[in-house]
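Below are two complexes that have subunit A in common, paired first with subunit B and then with subunit C.
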Partner chain A sequence: MTVHNLYLFDRNGICLHYSEWNRKKQAGISKEEEFKLMYGMLFSIRSFVSKMSPLDMKEGFLSFQTSKYKLHYYETPTGLKVVMNTDLGVGNIRDVLHQIYSYIYVEYVVKNPLCSLNETIQSELFRSKLDTFVRSLPFFSARAG
Partner chain B sequence: MARQGSRGGAESKKMSSELFTLTYGALVTQLCKDYENDEDVNKQLDKMGYNIGVRLIEDFLARSNVGRCHDFRETADVIAKVAFKMYLGITPSITNWSPAGDEFSLILENNPLVDFVELPDNHSSLIYSNLLCGVLRGALEMVQMAVDVKFVQDTLKGDGVTEIRMKFIRRIEDNLPAGEE
Partner chain C sequence: MAIFSVYVVNKAGGLIYQLDHYAPRAESEKTFGFPLELVLRPHDERVLVAFGQRDGVRVGHAVLAINGLEVNGRFTGDGRDVLEYLSSPANFPVSIRFGRPRLSSNEKLMLASMFHSLFAIGSQLSPEQGSSGIEVLETDTFKLHCFQTLTGIKFVVLADPRQAGIDALLRKIYEIYSDFALKNPFYSLEMPIRYPLLLGQEQQQGPASPPPVTGAALEAAASSPLNV
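On to the complex of A and B.
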């Protein structure tokens, strides 16, 4: 099992942070375009999922998977979106994504008054804490399966 | 305020409520020195509160694990019973709902911000705790709710209780970012 990459979007669709660990193939477009593409897809799938739902739903869109990878999605009521791509062996990781939000984003970005909330996160501390956290996850493994 | 950073107990921090109250007092005093009239001080307090609120909501969501509220009544409950409890150590009561259910009052039996305060005569229009209004407005704006918040009663002005009136204005819809097909 492994973690491929992670995106953090704010409520306006700005990519606050991106990091990757075990990504063997790039999208072949600029990072800006990739972020836009990703956010556009998330935006559409969210509205699609809630429109099509036969029941009143609470959590909405959680994850999707292809034959090669699985995309996990977590959104806070404030509209912060955490997106993590892993391989197919990883189960439900909502609590992990919530921890990234509450232990890392809130602690090292929101509580840092010098960090602006609506632009790319520059904080080195945030980066290193996030990296350590992800590397310590039980399903993180440097070798892709 | 006896604010507890309860993150699984490991890093609980407590702060003296007196220090908190006195710090807030020092802040208001400085604003009164910096600005000529009380309206400007009220405005500054509201603005500062707003800036606190937009960040505090993230801390609140991270700690409380509260999800999205379904209606304004639930929001009122969460504000009074969870948020005020967590950050100020008090639980205001919720009363005076408007018939349409879009307006209510928070009654604060005792307001920890004003423990040592008496308003001098030359500051009769100062809304001493106006920071709270800004905090509530900022925090709710981040969860897509535009609200109007104001003090309608204040023990500092001789009223029996402190009353904060909150009015729901509208839901803020999120839009697709510009430049997106």
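On to the complex of A and C.
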């Protein structure tokens, strides 16, 4: 089990943060374009899912998986989106994504007066805390380093 | 636990077959006095609730029936504009049934091709080499399972999140497609699978030809996913 990468989007689609751990393939486009493509895909999936659903949804889209990876999605009521790509062995990690939001984003970005919201997070503290948190997850394996 | 619907999408993203198998009832009927405390707004040839969520009526729900008469898009059963009808005090008290808007065939076509693109983007954004597109998509109300054949046709099944045995169902649907659509000499590739039309044609050809059973077989497979 491993974590590939993590995206953090705000409600306007700006990528606030991106980090990767065991990523073996790049998308073949610039990072800005990749963020836009990722956000666009999530935006479309949200609209797709809300139309397809046979019942009224509460949490909406949770995750999808392909033959090689699994994308986990968590959205706060304020529209902040946490997206984590892992391998297929990982189950429901909704609480983990919520912890990234409440213990790391809120603590080190929202409560940091030097961090302006709605733009890419520059804080080194946030970056290192997030890195430590993800590396300490039970399903994070450093085998691929 | 149920199978909600089945979609078959050809390699170009066109919807060639669709089956609604089971739709859970999410409707609520209430009697209202004048003036209506809900705010209704026309949207995409439907009348939707825009404000005033209460008693099972949710924002985004559509007006499905008025006084027991099914509503036809933005018009009542007898051809009057729904919003106009509900703005006249003479028609009250009135009983209105609200529910999630049902997908029109155009919307189904659009959603099928939308999924086709999402499938491709899902594989492009993969952090691992050689990934397929979306195979399972999970939400809190349903789980979408997709199986793409080597020739590019996608079989998509929408089911309850706890429903097991969908992989076997997808293979079974592929088998039924191969047996009853591909082996049918009247079926042209990539075109919609229209079994009732075929049924009509074959009856004209002669009574000896067996009835096409694509739809019936699919329906039977969807009804018994655990037996396949």
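We take it that the second predicted complex is superposed on the first by the 143 of 145 C-alpha atoms of A that agree within 3 Å, B and C clash if a C-alpha of one lies under 4 Å from a C-alpha of the other, contacts with A are read in each partner's own complex, and residues count from 1 in each chain.
Throughout what follows, contacts are C-beta pairs under 8 Å (C-beta built on N, C-alpha and C of every residue); 3 or more make two chains touch, one makes a residue touch a chain.
Values in this document were obtained by computation on a predicted structure and should not be read as measured data.
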Since both structures carry subunit A, what do subunit B and subunit C do when superposed there: clash or fit? fit
If we overlay the two complexes on their shared chain A, which of subunit B and subunit C does A:Q122 touch? Say first, second, both or neither. neither
With both complexes superposed on chain A, which partner does A:T66 reach: first (subunit B), second (subunit C), both or neither? second
Once chain A of both complexes is superposed, is A:R11 in touch with subunit B (first), subunit C (second), both, or neither? first
By the touch definition at the top of the document, which applies to A:V106: first (subunit B), second (subunit C), both, or neither? first
Chosen between subunit B and subunit C, the partner touching more subunit A residues is C
What is the contact status of A:K51 with respect to subunit B (first) and subunit C (second): first, second, both, or neither? second
Mind working out whether A:R23 is in touch with subunit B, subunit C, both or neither, as first, second, both or neither? second
Identify the partner contact of A:P77: answer first if only subunit B is touched, second if only subunit C is, both if each is, neither if none is. first
After lining up the shared chain so the two structures overlap, which partner does A:T132 touch, if you call subunit B first and subunit C second: first, second, both or neither? neither
Figure out whether A:K36 sits in contact with subunit B (first) or subunit C (second), or with both, or with neither. first
Taking the superposition as given, tell me the minimum C-alpha spacing from subunit B to subunit C, whole angstrom. 6
Would you mind listing the overlap between the subunit B footprint and the subunit C footprint on subunit A? 40, 58
Mind pulling up the subunit C residues that touch subunit A in the complex? 4, 23-24, 26, 58, 60, 100, 103, 107, 111, 114-115, 117-118, 121-142, 144, 158
Help me check something: in the complex, which residues belonging to subunit B touch subunit A? 7, 54-55, 57-59, 61-63, 65-68, 142-144, 174, 176-177, 179-181
Residues of subunit A touching subunit B in the complex: 11-14, 36, 39-40, 43, 58, 76-80, 98, 101-103, 105-106, 110-111, 117
Within the complex, subunit C is touched by subunit A residues 4-5, 20, 22-25, 27-28, 34, 37-38, 40-41, 44-45, 48-49, 51-69, 71, 85, 87
